[in-house]
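Across the two complexes that follow, chain A remains constant while its partner is chain B and subsequently chain C.
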Partner chain A sequence: MQLSNLISGKNEQVEEVWAALRDCAPMVLGVVPFGITCGIMGLTANMSGLETILMSVFVFAGASQFIGISMLSAGITGWGIIILTTLLVNLRHLIMGSSLAPYMIKLPFPLQAFLAFFLTDEAYALTISRSYKVRYSELYQLIVSTMIYLVWILATLAGVGLGSYISDPLTWGLDFAMPATFLVLLIPLLKDHISLIVFGIAAVVSVSAALYLPGKWYIIIACVIATSIGGLLEGDNKNAQ
Partner chain B sequence: MNGNTYLYILVMAGVTYLIRLIPLILMRKEIKNVYVKSFLYYVPYVTLAVMTFPSILGATASIWSAWAGFITALILAYRGNSLFKVSILACLSVFVFEFFLL
Partner chain C sequence: MRSEVLLIIIGMAFVTYLTRIGALALFRFTGVPTWLNRWLKYVPVAILTSLIVPSLLLPKGYLDISLNNHYLIAGIAAAFVAYKSRNIIATLGLGMSIMLVLKLL
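Up next, the complex of A and B:
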């Protein structure tokens, strides 16, 4: 019975599983070159294979791992700077978490805390897009998140194991899959003039800020400006209800 | 590297996890404020936009192949093609552009 449900896709939960696996495939494609690069970078920075892999297992945050490895390599090991840098690089997850929190409010707290560990840009993008287009599903979020996590670790392992045999994975062109996927998730959401304005402002501010600000600050700046304008334009309209 | 590397990893993991967990700890009740709701309503639009731009224009070896991939992805996404199809074809267009035209 379960097998026939699985094949026909009738069961709601099975549908969520299929949707999650189908949707995270292109994200996974984009994650692989970054994971391999992370593995190679760890070895280049004189970290052991085990240390590099454990960093992917426990930290699971691409940008802060790259920066952390670079800092270790440069001999910067002050606790204050490590904490502050990690905090600043991941600050955007505070905004993403706030946006997902109203959907997760009904889940038991241990499950919320478990899902929080896997909150990455990619998992957030897929989950929130699904929530807007269909409905929020913790099963969908769980599968998408754990798939990306597993692929990230396996890609780091591949980078550690095959590092010297692989040319720079970021030149393969596969990393283009990630922003392309974000674009596909975004386009169907742009249904009214306010969302188009907000999107336009976010894109312009983001591109401009990235030219002048270091690291991921452009994300924070664009988020604050564009969402505030969106909130003001929306006021007490129906979307806010 | 010394033994501190493991501690360094644990601290990074702790800080990263706390940032992900804090919104869930603070937002334990349904939000009633309309303006906060409006703000949160547009967060996905903005985060998706900033994760697309500027990285979509800088993820390739040249700005021209990036534009080729971006326009391919835009047209296919607008026509309602699947995530996987758009991503593969956009990557393919970047590869073809860089391999044959540059």
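Up next, the complex of A and C:
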């Protein structure tokens, strides 16, 4: 590959690499405060630095790590309840996996299995937006996924190392980078009236569910209800035409 | 390194991976069924919405629709910029600046 191609981004693959790096930059900014918080939480829960970091390396799922660490610090050491909670909190990945499946099942299975390990809300949001806007690219998915993974581990490491010197990183406001990035991904998708209806229903249902349900159930419930209604409306439209 | 903590970590890693590979393993030989494919069309909109809206309206876990909720104010401004510019740098720049200014006030 010629250096000039690399710089001007003529090659299609090179373009995916640049796009992936550019798109995931704001997302990793939003990941940093959560990773640092995770490291600090591990220490305050009397986990060793190594235990806290290994959890980020192997589990790599923010919300369920927070919940797992809180349970450990509350003296719940029964593995069953912690693992069951982790499973429930992460069930939403099944929906994201299904959403990416039409593209991903064409890949060699070892690559699917590898990419699957890195599936997060953030990597899903970036990859599916790219697929709708340009095309699905496994290279794009690989880069955004592993970048988020790397930053998650480094931020956990920073939290473990600097924990006693810094105040609660989630009060810095840096975590706002996450919803802001999601907004930029969402708005181009709201281009017809069915999408707007799905948006409205998902907004109302997710907020009401977040008020009353634990964990991440609000995402699953809002997604199932809103997309089902979207699918029904889509069907009616087709029949009417 | 305590062995019971290590076991919990391995268990958490295992079930998390199951949720991530589950759909791919399920559809590996059959493909994605047509009815599901139609249902999946609006999943990105629904997921992004349920990631954004609760994090702006309930940043601390309870519903906060007031001027004290910096996330909501910065979020509304960011949504407007995102709509007008479709540009992440502009959206993030303005949103984060508002967060910073509100914090200093």
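Things to note:
The working rule: the second predicted complex is superposed on the first by the 234 of 241 C-alpha atoms of A that agree within 3 Å, B and C clash if a C-alpha of one lies under 4 Å from a C-alpha of the other, contacts with A are read in each partner's own complex, and residues count from 1 in each chain.
Convention: a residue touches a chain if its C-beta (ideal position, glycine included) is under 8 Å from a C-beta of that chain, and two chains touch if they have at least 3 such contacts.
Because the structure is a prediction, the values reported are computed rather than measured.
After superposition onto chain A, the modelled positions of chain B and chain C overlap sterically. Once the two complexes are laid over each other on the shared chain, residue contacts for A:Ala116 go to chain B and to chain C alike.
Within the superposed three-chain model, A:Leu139 lies out of touch with both chain B and chain C [touch as defined at top].
Looking at the shared chain after the overlay, A:Asn46 reaches chain B, while chain C stays out of its contact range.
When the two structures are aligned on the shared chain, A:Gly230 is found in touch with chain B and with chain C. The intersection of chain A residues touching chain B with those touching chain C, taken from the two complexes, comprises 23, 26, 29, 47-48, 51, 54-55, 58-61, 64-65, 68, 72, 77, 79, 82-83, 86-87, 90-102, 104-105, 109, 112-113, 116-117, 119, 121, 124-125, 128-129, 132, 173-174, 176-190, 194-195, 198-199, 202-203, 206-207, 210, 218-219, 222-223, 226-228, 230-231, 234-235. Within the complex formed with chain C, the chain A residues making contact are 23, 26, 29, 47-48, 50-51, 54-55, 58-61, 64-65, 68, 72, 77, 79, 82-83, 86-87, 90-102, 104-105, 109, 112-113, 116-117, 119, 121, 124-125, 128-129, 132, 173-174, 176-190, 194-195, 198-199, 201-203, 205-207, 210-211, 218-219, 222-223, 226-228, 230-231, 234-235. Of all residues in chain C, only 1-2, 4-24, 27-28, 31-32, 36-58, 62-63, 70-71, 74-75, 78-79, 82-83, 86-89, 91-92, 95-96, 99-100, 103 touch chain A in the complex they form. Here chain A touches chain B in the complex through residues 22-23, 25-26, 29-30, 46-48, 51, 54-55, 58-61, 64-65, 68, 72, 77, 79, 82-83, 86-87, 90-102, 104-105, 109, 112-113, 116-117, 119, 121, 124-125, 128-129, 132, 171, 173-190, 194-195, 198-199, 202-203, 206-207, 210, 218-219, 222-223, 226-228, 230-232, 234-237, 239-241, going by the rule given at the top. Across the complex, chain B meets chain A through its residues 1, 4-6, 8-13, 15-17, 19-24, 26-31, 34-35, 37-57, 59-61, 66, 69-70, 73-74, 76-78, 80-84, 86-88, 90-91, 94-95, 98.
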